[in-house]
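Scrolling down, you'll hit the structures one after another.
Next come two complexes, and both contain subunit A; in the first it sits with subunit B, in the second with subunit C.
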Partner chain A sequence: MSKGNGRPFRDANALLARADRIRAQRAKLKHEIRICAGPGCLALGARAIHEEFLTQISEHKAELKQAGLALNTTLAEKCTGCHGMCEAGPIVTLEPEGTFYTGVKPRDAKKIVERTLLKGELVDKRLYELGHQRGGGKVEKYADIPFYSLQVRVALRNVGVVDPTSLDDFLAAGGFRGFVRALSEMTPDEVVTAVEDSGLRGRGGAGFPSGRKWRSALRVKEDRVWLICNGDEGDPGAFMDRAIMEGDPYSVLEGMMIAAYALGATDAWLYVRHEYPLAVKHLQMAIDTLENAGLLGDDILGAGMSLRIRISRGGGAFVCGESSALMRSIEGRVGEPRAKYVRSVEKGLYDQPTVLNNVESFTCVPAIIDRGAEWFASMGRDKSRGTKAFSLVGKVKHTGLIEVPMGRTLREIIYDIGGGIIDDRPFKAVQTGGPSGGCLPADKLDLPVDFDTLTRAGAMMGSGGMIVMDDHTCMVDVAKYFIHFLIGESCGKCVPCREGLRQVHDMLEKITSGRGEDGDLEKIERLCHTMEVGSLCALGKSAPYPVTSTIRYFRAEYEAHIRDKMCPAGVCPDLIMYEINKECTGCLICKDHCPTEAISGEKKKLHVIDEDACISCGICMSVCKFDAVDIKSGGVIVSRDEAVV
Partner chain B sequence: MSPRRAKRTDVDIENTRALEPKAGGTGAKAPPSPGKTKAGADGNELKAVDEVLSHYPAEEPSLIMVLQEINDRFNWLPPEAMNRVAGALDLPLAKVLGVATFYKALSLEPKGERTVKVCLGTACHVRGAGMLVDELKRSLEVEVGRGISPDGAYSLETVNCVGACAMAPVVVVEDNYYAHMEPGNIAKMLKKERPK
Partner chain C sequence: MRKVRPTLDDTARMMSETNETVTITIDGRDVEAPAGAYILDVAGELDIDIPSLCAHPGLEPFGACRLCVVEIQKPGWDDWYRQLVTSCLYPVADGLKVWTNSEEVRRNREVVLDLQLARVPKSDVIGDLAREYGVERTSYAERDTDDTCIMCAICVRACDAVGRSAIATLSRGPDKYVDVPDKDACIGCLVCAHLCPTDAIAFVADDNGKRTIWDKQFDLVTDERTGEVLGTPEYLEHVRQRATDRGLRWPDEMKHESAKVKRRTYSSKLARVGRIEEPAE
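Entry: the complex of A and B
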């Protein structure tokens, strides 16, 4: 893991020459072991796997040498960013052949070294297995797995490919080609034109054309322009930016450097969410390396350009993802948004002109400059060009990180790439756009995913979180969840947002606890409208969407809660009861675990739950090994397929 | 128009635990025990605050970073520390408190030795994270973000998303991630994590 040659690059040619040298070296590689060190795989023990590989390689040094494999010349190993298929972690891939091992354990390192590296055999047990509806069977190479073969990776191009701590690795993958081209072949104006022509729209959620933002910043006649990269990815269920910042920090910085060149900015901030310590670490390492390599600081690559990039760690406030609040937070103040009579390209950070883009937007820029605006614009649909990264989570089989051209349908994303719903249950809804987005029902599955179509359908693209829900998800509960989330995150400055959220939450609470009355839905709808038109910033204006979209598409479910005092999905604790069925073997496990001693019964005899003592905590159901606990709501069993309404 | 330049700090989150004042514990991993922290900042602790302050220019833009670092060291913000910060940065105490109460990463309450964080991201929510919170509240006898369990070992927090949605629902205890949690195996997890 070399970190550059220690001397700053004198000019662009020196940088390109180094990239060529590294690529020539890499061409000798017979095998490269890539261990996924994304958050999912790390939590499942990727570090231990990496150590075990190193041990095994040194223990088998002689045999490997005989097979023509010497570490760092013909054999390499590295930890990369997230491969995306988090459900199958920890993931280990072998390049250049593309062998894909899933669910790897430390003890598998020995097998992989002995069998795959030395004998060229596969470790069958760790190969990816196709789902039964796709005919089953093992797949050897990840390029053949539908999850990967249907994706087009632009923003995620290096994530899972490069070692995020190595500049050499980034250079070998074509890093800084875009920056060098911009710096040596293009005028700032041409760079902005290229971004305009590419049709790139802000990937953080709003979808504002990045090129237009840059152009208006060029028109502002002030000496100083601030550049900010928004890495405050606050949407729950979204981790694309995290994966990029952790897995490919150099691309984010390269995008910022190109923007700085185009806009004449000399100072830039990277605002990274507090919950992402590894992203901060990798970005800081990358910044330090680039400073030493003469790619950041003064007189970059001898071309007279200066740029400093600093990191500001967020404080754990969702609203700071909003641009004006984010700028306040960088200034060391409370992150309250302001009304945008004057846009931040004119008066932003410290009341000076500021251009703010999201991590994914910046990451797309080097690819656009390197491969051309036409290439980027050739992907996508209507006014949404290029690709978009999504985190596909919830009740979907292949939870993980994906990137597809704009315009793919929800069905393609959820079923073809995501592999469908867990346990092949019925699809109920998909929530897009985070707390400001909306839920779309099954009849919208064939909608193409782009900025404008989703907005028209009452959801939104947002930053790219896509949460899939099955029939065991209660939509009223989901709406309540988002409103609860937003109550905590509203900055409290304007009344419609602060008080509106509380009132809506109280009414939803009333409904989910079985005290709903006729007319409640109409009241909620009126209040939501007030919030939409009266709130100061996008957080408040879009806050009602989760409620309005679920009322629009799942009104019957709300009405079941209000009229029949029933939760058809079997979720809302006040409306459900647990009941033991005749599958019960009398094993006493649930009785032992029940926190309120509501379960009575003897060994090998059917147990019974005392409804008065039961607090609907669900422990009995979670510990039962015999599927003997049912959920009842409104007198009907709702936890089993045959009774689902 | 003067550019406000903050000194860059060495951001090394993985090691911040190890940097904690040694006064509290025997093991490198053990944060100060709640009993000690509650007693308020003594001379040593104020010295640590001054050390943090010395890393940053004495101006308003440093405030959040200073408070974050103090919070990292003590696991919370002792009132004396905030007084000291207000004085050093020449800000009204109200401003310091305003920032401290606004940002979730900053705590005005002492914490137990281990913080149990339940991820409440949407993916975790739809897979039943709410039941985990209820169960933890019950078994630790604490509220979310408030209180320490009777044995002094745990505090409970919820986080919006830890970005590990594939493992939903997720519970994080310090640096350990527990995947696919159910109310039924909370007790086992707490037993495993309990400080020796």
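Entry: the complex of A and C
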């Protein structure tokens, strides 16, 4: 596939003309095979599938030609970014008909070429299967799958659609229409007004109105303004920005170019975390291509605008996703946040005015300019407009990447799009907003998901991570897990965060190991309050949220740990015991697997677990075929396969 | 690039040089202050005591110790709403109201000192301060250590200001510590040790003509006439170099240069190391 013609575009018309030419070429395509090369599918062998498709196409060249299919004129293939439904990968789709194949293996390439391309038949085995609550059955097109049909993709509009390494592909998908429109039809002030009117709020976590940020940057009377795109997505279980940077790098750059035009910036940084090598590769390729095409550098599209975009790779510190720490990191200093009483638009990078936005925010901008602020503002709810991408993970059937208009309820996202909880177990909590977000219980499932509602409920939008938990989850253990993560990622600069996290972790450790005392909860709450109001940066201020929100909604569970030395979910190893019940057939399997030889018993006789030798590893339970192993905590059976207290 | 925060002297100078003053209310007192001055400095001038461990007049403000927090209210805010801010970093603006010793302020200082006491149980400085806020013993898990470092990073910033940048914070989170990764960069000037608010940096200033700090031993240069110790050869060379780099004549103007970190609070301590009367040859 052509990667651009190598000559710089003289002006905007030349660019639009090329886009039209490519679209005309594409109109002749009878079939396009899109192989998902997102992180999940790549790990499952998407590259091998791609190669196999190429082999099969060349082996069936003659037959395909007979069917009117010739590679690059009427038939095309490409690797795209993430399709979203990572659970079902590797994913292959066929356009324009929208056929959706899941769990594709390299050997399926032959079947898809021979049956679908040549005969127009479907490969049934690889079609998506509806869950039984939805009546079961196979579905051919992804537009008919609730996971896709309920989504509205703005930031993810090209992810899974375009080949991220091809400028032509991006142009064909409508790329740079927004930039050309801004450059040739709008004044910088009008661009800022459009972003203001769209109601776009920062997608990185804080939700600060992007338009207001840009407006205040315009008011700062300084020659130079820096532009930074924050691609340091560090939340565990979050991969929205990664999917965008890997799958649609040109849209990120286009958003930055529009911002640069509006703000008069000539230098921009893209800060990408070290763990995203593919994102860095695709972005750098895109930057190089744009420089060659006359879309970056000096005198862009002959309009006199100059812009240079450079990539800075983070070293893997979570705290460097905080804007002021990120700027210090770019400067080459230790990545520690500063107090933001003087805002970055006045004094940011190198103490000069700086506008920093998140990857997803920048990606929304071209769509806003192209389709209008009213269109964007027409979606959403209250003061949260537009759409938001989420990574839906945890105990949900369809884990993956989704995007919905603001204001959809948690229930719609988890049950309608996500397909509900794995094994149809009861829902217990959903954790939103990354490690320093909060956990919301079942009675909050009907809350609309927007910035302010989530914050009021004690959670937050954050960057868009959503971790779903079922009834096998101990909320004290969850809080401990996130605090442990934050201990490793706190920069250690200020006292409440550095010392407070350690003390909170110590106390949670005490509670989960059965050494909790009366008054511990109050002590934790007092400490959390100081962390929340007394820490220097947003990371420290939000660090106690996993604890405060779980205490708020699951206080009884904490109290059970402290008072009754009991873990109702049957998770905390020090508080549970395994016991063999009457269902035991004496098959010896658990006895064979027990690593500490704690199980005694003879063939066809009831086995017994020696409490003193048992280390609560749970292997006996997982190998038992007769549900004969129970978990007991505080003298009550809290078994995983039984109803939980 | 880096800016030294306005000190008391600077505050006075700013007031005389520019007419841009603002009126703020601190603990019920209406006062005039130069626009952009930090709350901590304005309060200091009024003899209002705000505890602080990581602020030093000669160094870039940092905001790590969280003791200098105060409550503020900006004009236009609801009457009940106040916010906790870091006074060493918060620039004053017209109409600002400040409470330096409210209940919320004291409660936060109490928790912070409680945490610090758990970190450095052997530090007298922290122990005394904690007692002022009613904390006799820490209510948290105490570290078993003789270390008294509270991670204020004054040493790091002081070494930057001296021009050596030998000291750095290493690692992060609760494991963070201060060290000299490149021993060659240390010139044995002892500024770090003398500025340390909790005396956490071990050193031997002069033991039979030898000085030890950061596990490194230095020779000492003595003034031949008076017998007074002038400093380590590395230190003298550094000061000379810095003076030369700035086009200063050696040694007269140098006094001014080397005394850049010599400011009010720790000036007596610094006097012991910062004085150089004669050239080193």
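Convention: the second predicted complex is superposed on the first by the 594 of 645 C-alpha atoms of A that agree within 3 Å, B and C clash if a C-alpha of one lies under 4 Å from a C-alpha of the other, contacts with A are read in each partner's own complex, and residues count from 1 in each chain.
Here is the rule we go by: a contact is a pair of C-beta atoms (placed from the backbone, for glycine too) under 8 Å apart; a residue touches a chain by one contact, two chains touch by 3 or more.
All values derive from a computational prediction rather than experimental measurement.
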item: Residue contacts with subunit A in the superposition, subunit B compared against subunit C; value: B
item: Contacts of A:516 with subunit B and subunit C, given as first, second, both or neither; value: neither
item: Partner chain in contact with A:350 - subunit B first, subunit C second, else both or neither; value: both
item: Subunit B versus subunit C as contact partner of A:281, first or second or both or neither; value: first
item: First, second, both or neither for A:534, with subunit B first and subunit C second; value: second
item: Touching partner for A:334 - first (subunit B), second (subunit C), both, neither; value: both
item: Partner chain(s) touched by A:467 [first = subunit B, second = subunit C, both, neither]; value: first
item: Which of subunit B and subunit C A:313 touches, first, second, both or neither; value: first
item: Subunit B versus subunit C as contact partner of A:8, first or second or both or neither; value: neither
item: Interface residues of subunit A shared between complexes with subunit B and subunit C; value: 317, 334, 350, 488-489, 491
item: Subunit A - residues contacting subunit B, complex; value: 39-40, 43-44, 86-87, 89, 224, 233-239, 242-243, 267, 274-278, 280-281, 284, 310-318, 329-335, 350, 352, 391, 393-395, 399-400, 431, 434, 465, 467, 469, 473, 478, 481-482, 485, 488-489, 491, 593, 595, 617-619, 622-623
item: In the complex with subunit C, residue positions of subunit A that touch it; value: 317, 319, 334, 338-339, 341-342, 350-351, 487-496, 498-503, 506, 523, 526-527, 529-530, 533-536
item: Interfacial residue positions of subunit B with respect to subunit A in the complex; value: 1, 3-4, 6, 8, 10-14, 59-65, 68, 98-99, 102-106, 120-123, 125-128, 131, 134-135, 138-139, 159-168, 170, 177, 179, 182-185
item: In the complex with subunit A, residue positions of subunit C that touch it; value: 1, 3, 62-66, 69, 84-86, 89-91, 104, 107-108, 111-112, 115-116, 118-119, 139-141, 150-151, 153, 168-169, 171-176
